[in-house]
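The structure follows.
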Amino acid sequence: QTDSRPVLRIAVQQVTNTGSLIPLRERSNVGSRSFPMIYAGLIEIDRQGNLSLKPGLATSWKRIDERTVELKLRKGVKFHNGDEMTAEDVAFTFGPEYMFAATEPRRAGQKAVTIKTDASAAGAQTAGKALALPPEVPAIARRLWPSLEQVKVIDKHTVRFVNAVPDVTMEGRIARSGSEIISRRAFLAAKDWASWSRSPVAAGPFKVKELRPDNLLVLVAHDAYYGGKPPVREVRYQVVPEVSGRVNGLLSGEYDFVADVPPDQIKTIEANPKFEVVGGPALNHRLIAFDKHHPQLADPRIRLALAHAIDRDAIVSTLWAARTSVPAGLQWEYYGPMFHKDWSVPRYDPQLAARLVREAGYKGEPIPYRVLNNYYTNQVQTAQILVEMWRAVGLNIQLQMKENWQQIFDQGAPRGIRDWSNSSPFNDPVSSIVDQHGANGQQQQMGEWSNSEFNTLATLLENATDMSNRSRVFRRMLEIAERQDPAYTVLHRSAQFYGKRKDIDWKWSPTFAMDFSADNLRMPGK
Amino acid sequence: MNTPHNGADALVSIRNLRVAFDDGKAKVPVLHGIDLDIDPGEALGIVGESGCGKSVTWLAVLGLLGARAQVSGTVYLRAEPLHTLRGDQLAPIRGKRIAMIFQDPSCALNPVQRIGRQLTEALTLHRALRGAPARAEALRLLDRVHIPDARQRLDAYPHELSGGMNQRVMIAMALAGEPELLVADEPTTALDTTIQAQILALLAEIRQDSAMALVLISHDLGVIADMCDRVLVMYAGRVVEQARSQRLFQHPQHPYTQGLLGALPDLHRAPERLVPIAGNVPEPAHMPRGCSFGPRCRQFQPGCELHAPVQRQIGVQHHVACHRAGA
Amino acid sequence: MSALLDIRELSRHYPVRNSPWPWGKSVSLRAVDGVSLRLPAGKTLGLVGESGCGKSTTARMVLGLLPASGGQVLFEGQPVPSVRGPRWRALRQRMQMVYQNPLDALDRRLRVQDQVAEPLTIFRQGSMAERNERARAMMASVGLTPHLMTRYPHELSGGQRQRVVLARALILGPSLLVCDEPVSALDMSIQAQVINLLQDIQERRQVAYLFISHDLKVVRQVSHEVAVMYLGRIVEQGAAEDLFRRPAHPYTQALVSAVPSPWRSAGLPRIVLQGDPPRPGALSAGCAFHSRCAQAMPSCRVVRPELQPIAPGRTAACHLLARA
Amino acid sequence: MSSYIVARLLRALVTVFLVLSFAFVILRLSGDPALLIMSPDVPPEAIEAFRRSWGLDASLWQQYLGFFRNLLQGQFGYSMRDRSPAMALVMQHLPATLAITLPAFALKLALGIPAGMFAALHRNSAIDRCVMGLAVAGHTIPGFVLGLVLVLVFAVGLGWLPSGGNAGWQHAILPVLTLSLGGAAVLARFTRSAMLEVMGQAYIRTALAKGLLWRAVVLRHALPNAAIATVTIVGFMVGSLVAGAVVVESVFSWPGVGRLLVTAVANRDLAVVQSLLLLVAATMVTANLIVDALYGWIDPRLRRSSAAKA
Amino acid sequence: MKVIPFSAQAQAQAQARTPGSAPSSRPERLRRLLRSYPPLVLLCGLWTLAILGVALLAGELAPYAHSQIDLQARLSPPIFMGGSASHWLGTDELGRDVLSRLLASIRISLLVAFISTILSATLGVFLGFLAAHFRGWVEQLILILVDFQASMPFMIIALAVLAFLGNTLPLFIALMGLYGWERATRITRGLTIAANEQGYAAAVADIGASPMRVYLVHVLPNIASTLIVSVTLTFPEVILLESGLSFLGLGVQPPMTSLGNMVGYGREYLQTAPWLLLIPSAVIVLTSFSVSTLGDWLRDRLDPTLR
């Protein structure tokens, strides 16, 4: 009996940057697009809805204490290889063989310093029958779960996540990407890590049929998926690196979907009534990061002037066709109680900016602005607009095109300004402002910025459990990082656009995931 | 043998052949109306100063002058008009009925093809021979022109042969089509006298065997005298004198012919100072008025510069284009 | 009297490959093989012989343009270097060459006047104007009219080109001029002009000529001495008049007998040689001419004859003559 | 014979060695693969671990020696990106590239050489100007513009051909066309120039005088003599068979070696770049060796000259 | 058979004709002028001059500053596609005036293309001469360099410069001077070896001319024809390569602009705003076409035997 469900053809810019399908190694937005179709997590996010947490492989969860969460596992969940998921698999997923190798959780009283992994130790730990993990995997895993002590099997369908320190974000962390459950048996049976990473066995709605890095990813329906039989037989992610290639492929009927559509292409696609573009702001903010060690930027007034000189609305309404928005600083609505509605990015005020510049005694000294070639959508265009806006308030910003991130971070020459974007992988400020700007975050690790009060607050935010206290701490952190001693300034929300056939019923998600499970996709006809 | 100028049953009959080259700035006339006839089996010698148009005449007949040459006049090959034919229409004539040996044999052979291949190509073309028979025939031709070790030479490249041998290969190639007329343009200049003698003997032999007509162009009056029944003297794009060879060398009538013969050194007399013709060859672009030899002529007299002299018969088969000759 | 030019046992070998592949084995071709000649100042030595017998090669070695494989060339008692150093360059002003094929030796993209003046430019003689003046004068003296001076080589007739090459060779006032077939492309009249010119210059400036030609009549006309070459070796040498009147070596005899003339006395038989010279690379022992020689004896096949005096001022290399 | 071959081989080896060494030093010093392969948002300790596990923390010298030691043992290393064997990765991509570069190469020859000949034979005529005008345009229009225009016309507009990807021969048509037009233009211009030099030679006249038709003269006598310049250029084209289709591969999302190279260089994924360069250099060196040998084959005079100079 | 009376007619013709070449009539002279300077060549010359003029006067001619942004007026079409007269050639995705950018681009691209083409040709010819002159190990060494350059993706060479020397415009031009020399070297070497076998070069060397003189004064003009083809091929390649390299952070970078850059950023707008891609492309094609046509014409002029 032949499967009459259609095949879904999607043109994407890339399927995986690192050639692997392992969320613990592939940390890009690119991966977040397809991984949720392969993997299922214990707790899921309501991707197309309000981003709240909802049951996944776990049907329910409850707090045992500040350090412990207990989850009831869904019964009868089948992995891609047909095995039934049990608590053993969950414990294994969060064990040393798959995630942590020899790394130790950060325990109470330990300061947030860079966590070193030892490659040889990681290897030694997993030696024997298990596969040797690439050493970067445990390092990343520890970032996701800095203090996870262990996952305890209570019974076949009950597990407990035990943290070393109090943590209110545990549920969020369980829901984030990287915490998906894999099949223990399949992992242990894999030839080596590299082959595992090309065909992982998990419990998502689709299973991997074929991965040709830089070319093609084919997923086939996992009909035993707990969320229902997917409405398509197969999903083919075709790598089409050129924007025009994707758009033309859609228009000529070769693809049902195209991802990574820049806003200026929306018109081209929608000129054809059979197609439409959907999408909008995603869980990611574009921002500008400052290096406060630059002689001119050392004065916070200059950094603030930079922030006030930007007409964000102009950028959003033109380059982004008004299809994204300017957020309220480095925070997202789905933080819920932690979200500060009344907070905002520095307003567009050229006079104020010019005054700050004058007061700081700035004399037109050049400040470098390092830019990659459209690593972010519209990056070069935005940068040129910014430079003009800054020029208008008397700031001499010099655009420097760079080829790679190392050149962006290079300390050999004076650094000034650079582009960045921050995501929020789970519903708490820890996932962004702490993880990215705190003592262990990239900005401080790269030596661009630090602030002792901010760092103290960051630790507090991580460990405190009282929500109103945490909210206050967060507010103060925003004040420091965005106004008082600016570390960055937020430009706008990043946006994702998808071109698609109008007759396919499908909703996009701000999480970058393209959800083709039965809940979210209805193919026309039949 | 018929007299020149009636052309009635001539093999080749050329009338009023004019050639001008366009050098991008101006049209430079090079031939000013050549008339000549060749009878079947006849050997005609052509002499004249270098650059007077000896080679161009025959290149024009075969349509080999290229796009910048403007050719007018009529040419008949056994009453067939050739001057009306263009480009590839002449191909069946070339090599098959009128063959030509070029002045410089080492440049005239394709440097990147073996001798054998160049020969068989002509055989395939004219005699429809292919493969082994063609090769056998090529071998026979090489033997015929007395190339030693012919079997091996078939596989040689032109640069591997001496000038003399290349010359003979050219002759063999010209003979491949068994032409009615062979035009040999200075076939022996680069050769020493012993090889020259071999080649001349060969040409004579072939003429005897096949009644082929021969046009021999040479600066060496000795060679001409040896080989030819009749001699044609050219000067500055015109025929100035023609006669049977003995008569011409004994009784040259045109002052230019006289000058040529007078300038000849002699092997068997004590060397005296040579007597060249005074003055210089006129440039094609600036021809003197009237008789083009006028400015250099010892017998110049008023009237010579008024119009170009026409050929007149002054004896048996002896024609001269000079206002004074025969007067 | 000491000779201006003294050539001693000069030889030149070329490696030639027998197989078409670049890695084939090569054999040695003796293009010139032990040639000795003397040329006094102001005199002309004619060099005749079969095409490909090594005349041009000898000429180039004499001028130091080609390194010799053996032997020596003395110019005014000093060896001529073949390494292109300062001494070699200095010698260029004393010895020059007229090339066999003038079209080949001229750059088709330069006006002839500039090419005639080029030796002056190279040796930095005089100012630009002076050089042009001298070039003009030199060209006039070889009979080239002024309107020809700004032309390109292909716009000249063969004879004019030959004279351009001659003017270029003469402009530095050399005392030795090697002429390789300087008149072969010219008609009788122009040929006479050029020969006269060469003789005039010789009288005026005491230039010595090494004169190479196939045209024995011309050689006879200009030479004081004549050497006959066959396959890289001198086979006969003597005063021009004497040698052409009574050629001794069978090859010379064939050569002389074959000279065509419009006024040939019917009596003299022409010797038409049979066959071709042997391939230079595959020379056997013995006389190189034996394969074509009507009078060859068994010993000719085995023993190579040496050059020996046969009469006052005459030498020849032939077993027939040695016995006589 | 042996010395000839040894000399050529030595030259080839030195070339390849230089290519690999240069690439090694440049790739190592111009960017940190750890930072490039892992996203910049990955924590520093992960980057650190990555570096250590690939030996990137050793001195350049040690890495260099190690690289060549492995190479001599026939080990090309592993891609730092997805840990697959580098050479196997390259070999995986090679068929796709060859599937367009080889037909394109043939098409270049088939279009370019006749076009150049044709223009030369009609020198300065309107036809010559047209052909050469097209050639210049063909060569000057950027590959991606040409590719895009072809896609717009044939895929989006007419719907005759697919716009990209490689799933069957129809997919190869547009890439092959795009790739060959520019190269054909280059060949046409060189061929025209070489033909013009040859058409004036005396032996062309001889061939005509033999009675050959014009076309036969051109094909049998002029073309082989004009081949030297053309063969030189074709030699370079052979060298670009492997990695010369970068632009076309990305315009048509063709998963070939060219794109692999660009990604690998961008990631400083050394083993992959080196495996690729080894292949490219070997092709290029071989192509040029063949071209050198062809010179002698085309023009026997060059055999003698090389002998005389030896 | 038709027999033309030999004498009378020929005589009449000979007399009718004034001696020497007939002075050409006016249309005749025009025809000749057009032959030596065909209209196409004249047009190409004019275009090249115009482009050079634009390059010199870019600053004066441009109606706007090339980096002046007007976000409200972004992507407005050029006047011939129904746009307004305030931006003749329309605006780009940041609302910058395409005409002004084009002028600035022409200036910078021509600077880069001309200088680096000359550099690459000079280097290539020089090495080619060296190889042909010395043969032996020098030649082998140069051939190794040629193969090296040909096998090394230019991206890596560019990275080398970027990594060790940084990115300034002069440096970038020097880097582009490394592009395409290997082709010139191989061609020069081949042709020079052939030329050295010919008489004219040997003849001048034998007179005592220095190798320098032989190669520059005599050999170079004689091998120029093929070299000109090679050089005129390099010219547009350099312009386009520049756009590729600017993505590496080398070369001309925003806010500065170049033809390659305009084409590179314009490619995504082929359907929505085709002028962004097509206008600079047209300038590149026309300029390269002109340069090539002039090159071919010069080649024929340089060859006196063809005139």
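The first chain written gets the first letter, and so on, giving A, B, C, D and E; residue counts start at 1 in each chain.
In the analysis below, contacts are C-beta pairs under 8 Å (C-beta built on N, C-alpha and C of every residue); 3 or more make two chains touch, one makes a residue touch a chain.
A quick note: this is a predicted structure, and the numbers were derived from the prediction, not measured.
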| item | value |
| --- | --- |
| Required steps from subunit A to subunit C (each step between touching chains, minimum) | 2 |
| Chain whose average C-alpha position is farthest from subunit B's own | A |
| Pair of chains joined by more contacts [C-beta pairs], C-E or B-D | B-D |
| Distance from the mean Cα position of subunit E to that of subunit C, given in whole angstrom | 48 |
| Computed distance of Cα centres, subunit D from subunit A, in Å | 40 |
| Mean-CA-position distance for subunit C and subunit B (Å) | 29 |
| Subunit A and subunit B, separation of their C-alpha mean positions in angstrom | 91 |
| Touching two or more other chains - residue numbers and ranges from subunit A | 242, 244, 403, 407 |
| Where subunit E touches two or more other chains, by residue | 159, 162, 267, 270-271, 305 |
| Residue numbers of subunit D (touch at least two other chains) | 31, 144, 148, 152, 300-301, 304 |
| Subunit D partner contacts - residues on subunit A that touch it in the complex | 11, 17-20, 25, 27-28, 114-117, 119, 122, 134-140, 142-143, 193-194, 197-198, 212-216, 238-242, 244-245, 248-249, 251-254, 403-409, 423, 436, 440, 442, 445 |
| Subunit E-facing residues of subunit D, complex | 7, 11-12, 14-15, 18-19, 22-23, 26-27, 29-31, 124, 129, 132-133, 136-137, 139-142, 144-145, 148-149, 152, 186, 189-190, 193-194, 196-197, 200, 228-229, 232-233, 235-236, 239, 243, 261-262, 265, 273, 277, 280-281, 283-285, 288, 295, 301-302, 305, 309 |
| Partner subunit D, residues of subunit B touching it in the complex | 59, 62, 64, 87-88, 91-96, 99-100, 102, 104, 107-113, 121-122, 125-126, 157, 159-160, 170, 173, 177 |
| Interfacial residue positions of subunit E with respect to subunit A in the complex | 67-69, 71-72, 74-75, 93-95, 159, 162, 246-250, 253-255, 265, 267-272 |
| Touching residues on subunit C, where the partner in the complex is subunit B | 48-52, 143, 145, 147, 155, 157-159, 184-193, 195-196, 199, 214-218, 220-222, 241, 244-245, 251, 254-256, 258-264, 270-273, 275-276 |
